[in-house]
Amino acid sequence: MTVTYTAAVASSSIGCFLKLLFRWRGSLYKLLWREFLLFTIAYYTLSILYRFALNDTARMIAKYCQEFGNLIPLAFVLGFYVSVVVARWWEQFNKIPWPDRMALFVTAHVHGHDERARLMRRTMMRYLCLAFVITMHSISPGVKKRFPTFTHMTQAGFMLPNEQKVIEDIKTPHNKYFVPLVWVTSLVTRARKEQKIKDDFAVKTLTDEINAYRGCLGGLFNFDWISIPLVYTQVVTWAAYTFFFSCLMGRQFVDAGKTEDVFIPVFTFLQFFFYMGWLKVAECMVNPFGDDDDDFDINSVIDRNLQVSYLIVDEMHSELPELIKDQYWD
Amino acid sequence: MTVTYTAAVASSSIGCFLKLLFRWRGSLYKLLWREFLLFTIAYYTLSILYRFALNDTARMIAKYCQEFGNLIPLAFVLGFYVSVVVARWWEQFNKIPWPDRMALFVTAHVHGHDERARLMRRTMMRYLCLAFVITMHSISPGVKKRFPTFTHMTQAGFMLPNEQKVIEDIKTPHNKYFVPLVWVTSLVTRARKEQKIKDDFAVKTLTDEINAYRGCLGGLFNFDWISIPLVYTQVVTWAAYTFFFSCLMGRQFVDAGKTEDVFIPVFTFLQFFFYMGWLKVAECMVNPFGDDDDDFDINSVIDRNLQVSYLIVDEMHSELPELIKDQYWD
Amino acid sequence: MTVTYTAAVASSSIGCFLKLLFRWRGSLYKLLWREFLLFTIAYYTLSILYRFALNDTARMIAKYCQEFGNLIPLAFVLGFYVSVVVARWWEQFNKIPWPDRMALFVTAHVHGHDERARLMRRTMMRYLCLAFVITMHSISPGVKKRFPTFTHMTQAGFMLPNEQKVIEDIKTPHNKYFVPLVWVTSLVTRARKEQKIKDDFAVKTLTDEINAYRGCLGGLFNFDWISIPLVYTQVVTWAAYTFFFSCLMGRQFVDAGKTEDVFIPVFTFLQFFFYMGWLKVAECMVNPFGDDDDDFDINSVIDRNLQVSYLIVDEMHSELPELIKDQYWD
Amino acid sequence: MTVTYTAAVASSSIGCFLKLLFRWRGSLYKLLWREFLLFTIAYYTLSILYRFALNDTARMIAKYCQEFGNLIPLAFVLGFYVSVVVARWWEQFNKIPWPDRMALFVTAHVHGHDERARLMRRTMMRYLCLAFVITMHSISPGVKKRFPTFTHMTQAGFMLPNEQKVIEDIKTPHNKYFVPLVWVTSLVTRARKEQKIKDDFAVKTLTDEINAYRGCLGGLFNFDWISIPLVYTQVVTWAAYTFFFSCLMGRQFVDAGKTEDVFIPVFTFLQFFFYMGWLKVAECMVNPFGDDDDDFDINSVIDRNLQVSYLIVDEMHSELPELIKDQYWD
Amino acid sequence: MTVTYTAAVASSSIGCFLKLLFRWRGSLYKLLWREFLLFTIAYYTLSILYRFALNDTARMIAKYCQEFGNLIPLAFVLGFYVSVVVARWWEQFNKIPWPDRMALFVTAHVHGHDERARLMRRTMMRYLCLAFVITMHSISPGVKKRFPTFTHMTQAGFMLPNEQKVIEDIKTPHNKYFVPLVWVTSLVTRARKEQKIKDDFAVKTLTDEINAYRGCLGGLFNFDWISIPLVYTQVVTWAAYTFFFSCLMGRQFVDAGKTEDVFIPVFTFLQFFFYMGWLKVAECMVNPFGDDDDDFDINSVIDRNLQVSYLIVDEMHSELPELIKDQYWD
C-alpha cells in the first residue's frame, strides 16, 4: 500500500520533515502505540509499588538497573543492523520484474496483424504476468489472500482453464513459477518457426529477456528463503527489550536526595519512542511484501503489469503517428 | 539549479573548504535562518521567564532536561540515515537517462540523406526526449510548472499536435511515459522495413538501447513511488526536534553556583547549526528533483538533450572531416 | 538447513520480533548455552574465592579490571567486522549458480524430439549439476559427507561410470570441477554439428551461459580460498574474550560501601549474551556452507537443481498449452 | 601527479606504515603546515593575553569553552563525510576511459595494410584521445593550463587544422566533447562501406565501445557538475573550525588548582593534526582532478593514451611472432 | 601464500573462533611481536625512571598524558579506514583474471585436430598467461623475484625466444603487458582467415573476452598506481602511534593514593594488541600482492593458470565421454 511522501518534501522549506510527523498511515505512532501503552502501564504499576512498598532491596535493584542499563550499546547494534535491513529491502524492490521491457521487445520482434500473431503476443505477456503472480503467491500474504489457489488466478484471467490443467498435472515438489516461463520460451520458438519472428537475433533478445525476468523471480525467492540469520535478529531484539526492561526499573524515582521526582518521565518515554521506532524500522523493512502500511503494494503492481503489457503489445502495436516535420526543422 | 563548487576546491590550499562557508546559494544559512530565528526567539523568551519567574519546579525541569537531554544518540542515527539518503540521491542521479547514447547509435545505423531518413532520425530522438519530459512532469515540480499539460509540451516542440491527439486518446489509468518509447520501437521496425536500417544487428542495438532508456525512466518512477519508509524519517525527525526542545530548557542558566551565566549561548547555537544542518542535508537530498538550490536542474537537462540530439543525428550526420595524415605519421 | 522466518514477521504487529526470541533452531541460546555455562561456572567459582579468601591483592585486581575493562571499544570493532562478514555472506549466496537459466536456453535452442536430442539436453544439464556437486564437495562439509568420492556421485546419478573413468584419468593437481563444463562445451559444439542447434547465435548464448556458470563456481572457490585475513578475525576474537575475562574479575562484588552485592549479576549475563551473540553472528556467517542451523542447505539445492533441470529440458520440452483467446480479448 | 606508495608497504614488517610518516610529497605536513602555523600563533597570542590580562570574564569564557567544546561529535560527522568522499573519488577514477579496449577492437576489425586503412585506424584512435582531452579541458585545471584553446590541441597533434575548423564552426552552447565521438562513429560507418570492416558484428562491437567510452566521459562531466551538496560540506567544515576555535579558548591554562600549566599543549596540537588532517583528506579527494600532489596525473594519461593507441593499431598491427611449439608440447 | 581457515570454522561450535587464536602463520603475534617487544622495553624503562627519579614535572606530564590521551577517537578512524582498505582489498582480488573463461571459448570455437590448430589454441592461452605474468612482474615483489627479466619468463616457458626478441624490440616507455594481448587478437583474426574459427560470432566472443581480460590487468595496474591518498594513511598512522606514545607515559603508576600500582599493565598491553592489530590489518591488506603470509599467492596462480589452460584447450579438446542414458531416464 506504500506510503509515498516524496512530493511533500520536494523543497527543504521550514519544518520540512516536521510536517511528516503529523501523518498517521505508516507512522511511528500507528506502529508503536500498543507497545507504548504496555510500557506506560508497566512503568506506573512499578512506580506505585515502589512508592508504597519501597524497601532497601527494591532500591538496590533500581540503582543496579540505573548503573548497568547503559552497558549495552543499543544505538550501535541498531545502526549496523538497520543498515543491513535497508540494503536488503531496496535490493528486494529492485528484484521486482517489470514486463515493460519484454513488451517492447515483443512488439518490436513479433510481427503480424492477424489473430494468430495477436494471440501470440498477448499470451507471451500473460505468461510473464502469471509467473509473477505464482511467485508472489508464495511470498506475499496479500497476494496469497487474493489468489488462494490456481483457480482464482484462472478466474482473474491470468490463466486459462486448459493451462491450469497442464500446470496442475506437473508433478514436482518444487515451486512451479518457472512453468509459464518455459511456455513463453516454447512460444518464442514456435513463433520463429511460423515466421512471426523474422530473425534469429530476435529469438536471442527474447530468450535473454525471459531469462532476466526469471532471474528476478528467482532472486525474490532467494530473499524469502534466506533470511538475515536468526541469531543476528535475536541479538538486536534481545538488546532492545533488555534495555527497556532495565529502564522500567532504573528510571524510577529512588533516592529523594539525588534525583528529581518526575511524575511523567518525558525523556524516558521519548527514548522509548526513539529506540523502539528504530527497531520498528527494521521490523517493517525486513519483509517488504507483508501487510504493513509501508510494504510494497504488489497487488496493484500485478494489475498494472497485465494492463500495460496488453496495451503495448496489442492495442498500440505498430500504431505510429504520422511522421511530420518538427518545429525546429531547418 | 545545482550548486557546483568543485572547481573552487580543485587544490587543497589553505582554508580550502573555509571559503565555501561564505556562499549563500544552497548554503546552510539560507536553509536554516528561519528555524534559527524561531529557536533564538524561543530561547530568549524562556530565558526571560526563568529569570523573572524562577521557582523550584522550573529549576527542576531545567535540571531534568540537562541530565536526560543527551540520552538520544542523535549523531548516530543522523549518520546512518544520511548515509542511506546520500546513496539514494546519487542512485537517482544516475537514473537520469542521456539520449546521447541513442543519438550515436541512430546516426551510425539509420542511413540516408533524404528527407524521410532525416525525419526518422529526428523523430526518434524527439520521442526519447518526450518520454523524459512526461516522466519528469509527474516527478519534478519544476518540470510540472513549465509543462502543466500535454499542450505545453506540444508548444515547446517536444510533441506534434497529431501525436498529442494519439497520446490523449489512449485510455489507461497509468502514466503514459512509455507511449513515445513504443513509438520509437515501431519507428525502428518501420525504418528496417524501408531499408533505412541495413541489418538486423542494428535493430537489436537500437531496441536494446530504447529499453535501457525505459529502464532509467522506470527507475526514476520507482524512486518517486517508494520513499524511505516513513517510520525511519519520523524517528530521525523526532530525535532531532526532541533534542533541541530539551536544549531550550536544559541550557538555560539555572544554578548560580555551578554553571556560568552565559547571555549568548554560542555553543548551543553552534550545536543547533550543526545538527539541524545535518538534518537539512537529508531534507535537501531526499527529493533531488524538488525546488531546492541544490536539486538537479532538470529543465536545463531537457533543453540540452533535445538540442544535442538534433545536432548529432541531423546537423552532424555523416559530416566527417577529410582524413589527413597526423603529425606523428611515421 | 537454513532457518527461514520471514513469513513470521510479515506484518510489524505488536512484539513482532519478540516472538522470534522463542525459537530454538538456529537461535542465540542453542549457539551460546555452552559458552554461557562455562562463563557462569567461572564467575561463581571466582565469586566464592573472593568472598572467602578476599585479600587486598585480589581487591586491587578486581578494581583494576573494573576500571580498564572498558578500554577496548568492543561494539565498534564488532560492528565493522560483522559488516564485512555479512557482505561476504550474501555475496557468497549470490555466487550459487542456478541451472534454470541454462535449462531455459537448452530447451529453446536444442531442438528435436528423438532420443539423441533428449539425451543431449539431459546430459548437458546433468554435467552442469555435476560441476556444482564437485565444487561443493571441496567447500561444504555437508556435501563432502554425502558424496565422499566420485563413486558416490556416480551412484546418485550425477555421473555415469564411463564418465567417472574419464575424469579420474585426468592427471592434474588442481580441482577438476571444470571438467564437466568442458564436456558441456564440447557437447554444444557437437550438437551444432549434428544440427540439433540450428544457428550460431544459440551456440554463443549457450557457451556464454556455461561460462557464467563457471564464473559462479570459480567465485565460490575464491571465497573458500581467500578468507578474511586471519589477523582481522584474531583481533576481534581477542577483543571479545579479553573483555569477558576482565568482566569475570571486575564485576565481582568487591567493595562493601560502593557497589551493591548482587548475587545474580543479571546485566553482566545479558551483556555476555549480547556481545557473544554478536560474535556468534560472525562465526555463523563466516562460512555459510558449514553445518550450522543457519547455513545454506546445499544438499537440497543439489537435488532440486537436477530435478528441475530434467523437468524443464525433457518432460516439459516443447509442451505448450493450446493458444486460446484470453478473457480480456477485445 | 599521484603519490604512489603501495610498493613501500608490500610486506607488513615492523613500522610498516611508520615510514610513510617521513614523506613530504602529498603529506599531512605539506598540506597542513600553514594552518598549523596560524593555529599556533593564535594560541600563543591568546595565551599571553590570558596570563597578563586575566580577569573573571575571560576565565568564565575559557571554562565555558572547555565544557561545551566537546558537544559536537566531530569524529562522527567526519567519518561519514569522508566515506562519501572516498567512494566518489574512486568512482571518478574508474570513469577515466582507457582507449586500449578500442585499440584492440580496431586492430582486430579494421583490416588492410594500405595507407587508407592505416589512416583510418590512427584517426579513430586520435579522435577518442581528442574527446578525452576536450572533456578534461573543462574539468581539470592542469589540462586547461596545458591546452588553453583548441589551437593548442592542434599543435600537440590531437587535432588537425581542418578538424579544428569544423569543430569551431559547430554552433552549440554545450560542451563539444561528443563531436570527435560522432566522427569516429561516422568513420566506422565509412570503413564498413569501404569494406575495411568485413562484417556487421564488428560495426556493433565498435559502436558499442565508442558509446561505452562516451559514457565514461559523460560520467566525468556529471561528477564535475553535481558536487556533494554544499550544505553537507558546510556542515562538516563548520563543525571542524568551530571545534578548533573552542580549543583555542578552552585549552588555555585557566585554573591554577585543577589543571596543569602546560606551556606546549602537545595533545591539543596532535588533535589539531588529526582532525584537520582528516578534513584535508576530504579536501584532497573531493576534486581528484585538481592540482594537489595526490590528484590523478591526467596530463601523463593523455600522452600515454595516444602513444599506446598508435602503437597497438599501427606499429603492431598484424605483427604476430611466428607460431612455434612451446616447451610443454606433448 | 594465503592463510585459509574457513574450513576450520565451518560450524559455529564452542570456541569456534577461539581456536584460531592459536595459529602462528599470518597471525597477530607473528606480525606484532617486534612492535610489542619495543613497546614493553620502552614502558619498563620509563617505569624505572619514574620510580627512581620521580619529580613533580614527570608526575605532571604523566597526569597530562592520562587526561588527554583519549582525546583522539582512534577506534573511529581505524574503523572507517579499515573499511576502505578491506573494500579495496577484495576489489583487487576480483581483478585477478582467470584464463578459464577464455579457455572454454577457445576450445569451443577454434576447431581442428591438426597440429596448426593445436598450436593456435595453446599459443592463445600462453599469451594470456604471459600478459598476466608481465603485469604481476611490476606489481608483486614475489613475482618480480621469480621472473626478474623477460629471459626468466622465456626459460619458464611463458615466452619463446623469438617472441622475447619481438617484445624487447618494441620501443615504448610504458609497460608492455598489452603486447601479448595484441598478439592474441591478431592470432584470432588469423585463425578466422584460416577457417579454424568458423563464424564471425566466435571472433566477437573471443575479442570481447580478450578485452575483458585486459580490463582486469589494467584494473590491477590502477590499484597499484593509485594508492589510498597518502594523507589518509598518515592521519591514521599518526593517530595510532600518538595514542601509544601517550599510553607509555599516562599509564605509569603515578599517584600512590588514587591508582593501584600494577607491575604488569595487562590491559594496556591488551589494548596495544588490539589497536596495533587493527592497524596491522590495514597494513596487511593495503598491498595484497606483497610478501605477507596473508597476501594472495600469485606465483601458484600463475602456474595453475598455464596448466589448466593447456589441459582445457589441448588435452581435453573435443574429448567427450560417450553419451549414455542416465539412471533417471523415464
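Per-chain numbering from 1; labels A, B, C, D and E assigned in written order.
The definition used in the following text is that a contact is a pair of C-beta atoms (placed from the backbone, for glycine too) under 8 Å apart; a residue touches a chain by one contact, two chains touch by 3 or more.
What you see is a predicted model, and the numbers here were worked out from it, not measured in a lab.
Asks: Strictly by the touch rule at the top, which chains does subunit D share as contacts with subunit E?
Replies: For subunit D paired with subunit E, there are no chains in contact with each.
Asks: Moving only to chains each one touches, count the minimum steps from subunit A until you reach subunit C.
Replies: Minimum number of steps from subunit A to subunit C: 1.
Asks: Centre to centre, by mean C-alpha position, how many angstrom separate subunit B and subunit C?
Replies: 39
Asks: If you average the CA atoms of subunit C and of subunit E, how many Å lie between those two points?
Replies: Each chain reduced to its C-alpha mean, subunit C and subunit E end up 24 Å apart.
Asks: Hey, what residues on subunit E touch two or more of the other chains?
Replies: Subunit E, residues with two or more chain partners: 31, 76, 79, 83, 201, 280, 284.
Asks: Make each chain a node and each touching pair an edge, then name the shape: line, ring, star, complete, other.
Replies: ring
Asks: How would you write out the ring, from subunit C onward through subunit E?
Replies: C, E, D, B, A
Asks: Under the stated contact criterion, what part of subunit E meets subunit D in this complex?
Replies: Listed in rising order, the residues are 31, 34-35, 38, 60, 63-65, 68-69, 71-73, 76-77, 79-80, 83-84, 116, 119-120, 122-123, 126, 141, 157, 160, 162-163, 166, 170, 172, 174, 178-179, 181-183, 185-190, 200-201, 203-204, 207-208, 210-211, 214-215, 218, 222-227, 229-239, 241-242, 246, 279-280, 282-284, 286-287, 289-292, 295, 306, 310.
Asks: Where on subunit B is subunit D touching in the complex?
Replies: Contacts found on subunit B: 2-7, 9-12, 14-18, 20-21, 23, 25-28, 31, 75-76, 79, 82-83, 86, 93, 98, 100-101, 104-105, 107-109, 111, 198-199, 201-202, 205, 260, 262, 267-268, 270-271, 273-274, 277-278, 280-281, 284-285, 293-294, 296, 304, 307-308, 311-312, 315-329.
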